[in-house]
Amino acid sequence: MSTTTSTLPAEKGTSLWQDAWVRLGKNRLALFGLGVLSLLVVVSLLTPWLAPYPYDLQNLELGATPPSWDHWLGTDTFGRDLLTRILYGGRVSLAVGFVATGVALLIGVLYGAIAGYAGGRIDAAMMRFVDILYALPFMIFIILLMVIFGKNILLLFLAIGAVEWLTMARIVRGQVQNLRHQEFVEAATAIGLSRWAILHRHIIPNTLGPVIVYTTLTIPNVMLLEAFLSFLGLGIQPPESSWGLLINYGVETMEEYPWLLIFPGLALSITLFALNFLGDGLRDALDPKASKD
Amino acid sequence: MLRFTLIRLLQAIPVLFAVVTLTFFLVRAAPGDPLASDKAMPPEVYAELTALYGLDKPVWQQYVSYLGNLLQGEFGPSFKYVGRTVNELIAAGLPATAELGIYAMLVAVLIGVSAGVFAALRPNSAQDYVPMSVAMMGICMPSFLLGPLLVLVFGLWLDWLPISGWGVIPGDKILPAITLGAAYAAYVARLSRGGMLEVMSQDYIRTARAKGLPEWRIVFKHGLRGGLIPVVAFLGPAFAGLLSGSFVVETVFQIPGMGRLYVQGAFNRDYTLIMGTTVLFATLIIVFNLLSDILSVWLNPKLRQQYQGSSQ
Amino acid sequence: MNLSLSAQRLVPAVAVALLVLLTACSAGETNVERGNREGILYWGNGTEPQELDPHITTGVPESYIQEALFEPLVNSHPETLEPAPGVAQRWQVSDDGTTYTFYLNPKARWSDGEPVTAEDFRWSLWRAMHPKLGNQYSYMYYPIKNATPYLRGDISNFDEVGIRVIDSHTLQIQLENPTPYFLGLLSHHSYYPVPRNAIEAHGDPWKRGSHWTRPGNMVSNGAFQLSEWKLFNYIAVDKNPHYHKADEVALNGIRFLPTENVTTEERMFRANQLHYTYELPADKTEFYRTNAPQQLRNQPYLGTYFYRLNTRIKPLNDPKVRRALALAIDRQKIVERITKQGQLPAYTITPPNTAGYSAESSLIYDPERARELLAEAGYPNGEGIDSLEVLYNTKETHRKIAVAVQQMWKKELNINIILRNEDWKVYLDSEKRGKFQISRASWIGDYLDPNTFLDMWIKDGGNNRTGWHNPEYDRLVLEQAPQATSREERHNLLMKAEKILLDEVPAIPIYTYATRHLVDPSLKGFSSNLLDRPFFSHFYLEPEPNPDSEQ
């Protein structure tokens, strides 16, 4: 029965979101995810006051030590406090994850929806453009950007976002193309609804599911891409750090100093799980056809 | 369908041309001298080398002669590997990477689709959460972490599997294929779960259920077909990405493949090698995207009718 | 309902299939086991060689393979690196030390059975110096009479260069100056003989990338000959039956593996896939030192890690500032806590005891004095210096040292340090163009003599790159030292030169390198030396008795 309501042109767009909120509120896992993420954001914002040590304070005599009272999560090979490094690293990783994914989301959804809905030649031209960008040597592109404009984090966000939107666009386009031939959209067209109204009221809400799923997949991907770039020397500059970078170094010494891998790994995993729960919850909540059976 | 394929293949020509042109000028604009070395080079020697690779000519002349060679299928001589043509290097690296990619994709699709479908059958139950949590771990486990972990456990501690090489010791292909496939399997699992859930709530599934069709037929005949559309859309580009992304796996497992060639080409500013690998990847990407589009059309009955209609 | 049952069966089925696949394959015979059985050495060689032509390559991995393939005119002792017979059985030096006469072993053969003659060496040097070849080691020939003007193109007749063929097995080389280290130069790959017939069969002698170095085409005169070259996979050399001392060579062959990644390489060693590793990750050294010291080869290596200071810019144009920076680095801490692989703190540019030469240094760790110097230069407590930038090529080890130095300079001198990493080719460019303030660098000696560390700092020297020069220094290194008649006099002159260098500090020495390899216990006859040269013809494989293998 909910299926029919969503095809009614008279329905207000907002009720969908209200419904969604209600449904989300009933999903305990999603709320848990939301809680963890909010906590992470708050901690990140307060890091300069929370961190027990300055993030670049070295103690070479100390070197790498396992967790202790002075250093709850141990120290790295420079004798730097790992908890502090993780806190500061989290700021960078979360920022990269959210900003770059945001960029990708914005461009990808708009682009994909337009291509998929327009169809025909416009669609073909737009998708061939995506193909060109796909086939570009990404690394050279980033190296070039970093050297010409200097190594700045904002640019890193944009560069990663500019690459990640491509897959998003393809997925949205595929979904929209599929939807365009569904009965309720054809019905809406027959009624004489404007293209914008159809796009806005039927197409976009109906593509939200896959988009949110893909977004929850993109954020970790972006965080790891940042680690890869930083490892190549094109991302975060020492003594700054990020979770990806910390994990990267942790892998190299995982047999000697396992805590250097375990704790950053845990931080990243918890974040990703929270994102995952929230993403799933949102997907279910936003699904216009979600039913209780 | 044939016409659709032909048109797309024709469209590939300008795409490839654009990729070649953009890359050509991009690599030449990138800072760093391909001929630079840590030992100081006498100017006479430097001049000899510059002339040898045609770098003394204006860039547009280099471009024209590169295009000329490319049309004859020649990628030119490598800057770094003296006396090797890029064709030779690609011929040496491609087989291992392609094979690795195919195995990894098999791992990804087999494990990913079964886990995704399995999870989607009983959403929000343990049957859903367990495989999806594992999938999430697969996604957040980069290959530079998973590879060494697998090596440590299965190679060094249990001593079950070889940890390096490609086709040298029996079984040395297993760990690399799993390492590279794991992240993609996780993606595939999530996408197929999402797609299945989407489809299973569609009207025609309800109709089929109402008709009293057996549940397995609904899932495998109607459900999978629609539910896998996002997966198929993902697989095309993923396969091409997997080829270039195999760099880490090739490094960890000492595999003589294209990924290492590509990354090293970029760092060495080996212009011809960068161009050659890029053109090759571009071609692969175009082909795989086309294949994934054809598959999507085939999976979506309405689109299929439309294309068949238009080709008549 | 029945559907979820079928799906529930599907997943375990896949899992079982994978498990079967996994367990069906056993790890099989390892490279080391097979190698010990067949007399084949599995050698971690760092990277895929650029080329095998000894007159073109500059890298260490290439030099290892060439070491196996070629025999030089004069070889070195595997440990002391003292001159030892190679193709030349004996030699004479004139009283003024400028004329060397070499008597070649008449039994020396190329791998195609042809004799190795004095003319082969003359032709090889002609080719090595040919301007069109683009040999980057041309400075290695400078001691030969008239080689410098010939290489610069001032004279075009090679007959004027001091290389004479007396008869088919006697070669004479005339030098500009008595060069006490000349015999050491001869065992460097830039002096290796190359096969004229094989090269000319594949195009002009100076053609780069001619196919003469491919398996089947390549002819060499060393203990081994090239048999296979699988790109990015391995290079195989087999015993050369025509080698004049073939019966003394124990190995049947060597497989050189391009082990790009040190972590992977160490794991391969642990899994018995390699007899020898090209390198060793820093954090693993301690483990081997305590648990398996017999597998670790950690010896001094003739190389210096240093920071170049760009003396063309403020405030680094002031020697006092440069000294202050040098005195504020605690090198002991860097080698103990960061590099951790037997490196020695370096206070001189030339490593101590290089062929009996040790320079004196005043660059010891003295933060107190460093602060005074900085104040004297007009920057008390770092005031007036906005920040300094340290450039390094992107690599974890360089980053770690830079981060530590950054902290030391901040703490002792209150100078803010910005770290800038660039990938290799960009870094080279920046250094060459002088677009840096402080830049990480290293120099590995080409031969065992202080000259290889000192002649790079002359005015406009291609490897100087700091903008620093000193006429007195140039005179000492370029004119007075080469004229010296005794070793002691020469060393004293060079020490005077190095004192100038260390007083004015265009470069801050940080540590002296150490070799770091893992060697399987079954590899015998392996000896360490300062140049880290392997003498493959002395190696043999002798597996330790293994209690596990009795089955």
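Structural remarks
Think of it as A, B and C in the order they're written, each chain with its own count starting at 1.
Going forward, contacts are C-beta pairs under 8 Å (C-beta built on N, C-alpha and C of every residue); 3 or more make two chains touch, one makes a residue touch a chain.
Worth saying up front: this structure is predicted, and the values here are computed from it rather than measured.
Note: the chain lying farthest from subunit C is A, by mean C-alpha position. Chain centres defined as mean CA positions place B nearest to the mean of all protein CA atoms.
In terms of C-beta pairs in contact, B-C outnumbers the other of B-C and A-B. A straight line joining the Cα centres of subunit A and subunit C is 46 Å long. Between subunit B and subunit C the centroid-to-centroid distance comes to 37 Å (mean Cα coordinates, whole Å).
Look at where the CA atoms of subunit A average out and do the same for subunit B: the two points lie 21 Å apart. Each of residues 143, 147, 255 in subunit A touches at least two other chains.
Residue positions of subunit C touching 2 or more other chains: 263, 423, 426.
Residue positions of subunit B touching 2 or more other chains, listed in rising order: 31, 148, 152.
Only residues 11, 14-16, 18-19, 22-23, 26-27, 29-31, 123-124, 132-133, 136-137, 139-140, 142, 144-145, 148-149, 152, 187, 190-191, 194-195, 197-198, 201-203, 226, 229-230, 233-234, 237, 240, 248, 262-263, 266, 274, 277-278, 281-282, 285-286, 289, 296, 300, 302-303, 306 of subunit B touch subunit A when the two sit together in their complex.
Those residues of subunit C lying in contact with subunit A across their complex are 263, 281, 283-284, 286-287, 333, 337-338, 394, 396, 399-400, 402-404, 406-407, 419, 421-423, 426.
Those residues of subunit B that touch subunit C in the complex are listed here as 31-34, 36-42, 44-45, 48-49, 52, 77, 80-84, 88-89, 92-93, 110-111, 114-115, 117-118, 121-122, 127, 131, 148, 151-152, 154-156, 159-166, 169-171, 174, 214-216, 218-219, 251-254, 256-257, 260-261, 267-269.
On the subunit A side of its complex with subunit B, the touching residues are 3, 124, 128, 131-132, 134-137, 139-141, 143-144, 147, 166-167, 170-171, 174-175, 177-178, 181, 183, 209-210, 213-214, 217, 220-221, 224, 227-228, 231, 244, 247-248, 251, 254-255, 261, 265, 268-269, 272-273, 276, 280, 283-284, 287, 289-291.
By the touch rule above, subunit A contacts subunit C in their complex via residues 56, 58, 60-61, 63, 77-78, 143, 147, 232-234, 237-239, 249, 252-253, 255-257.
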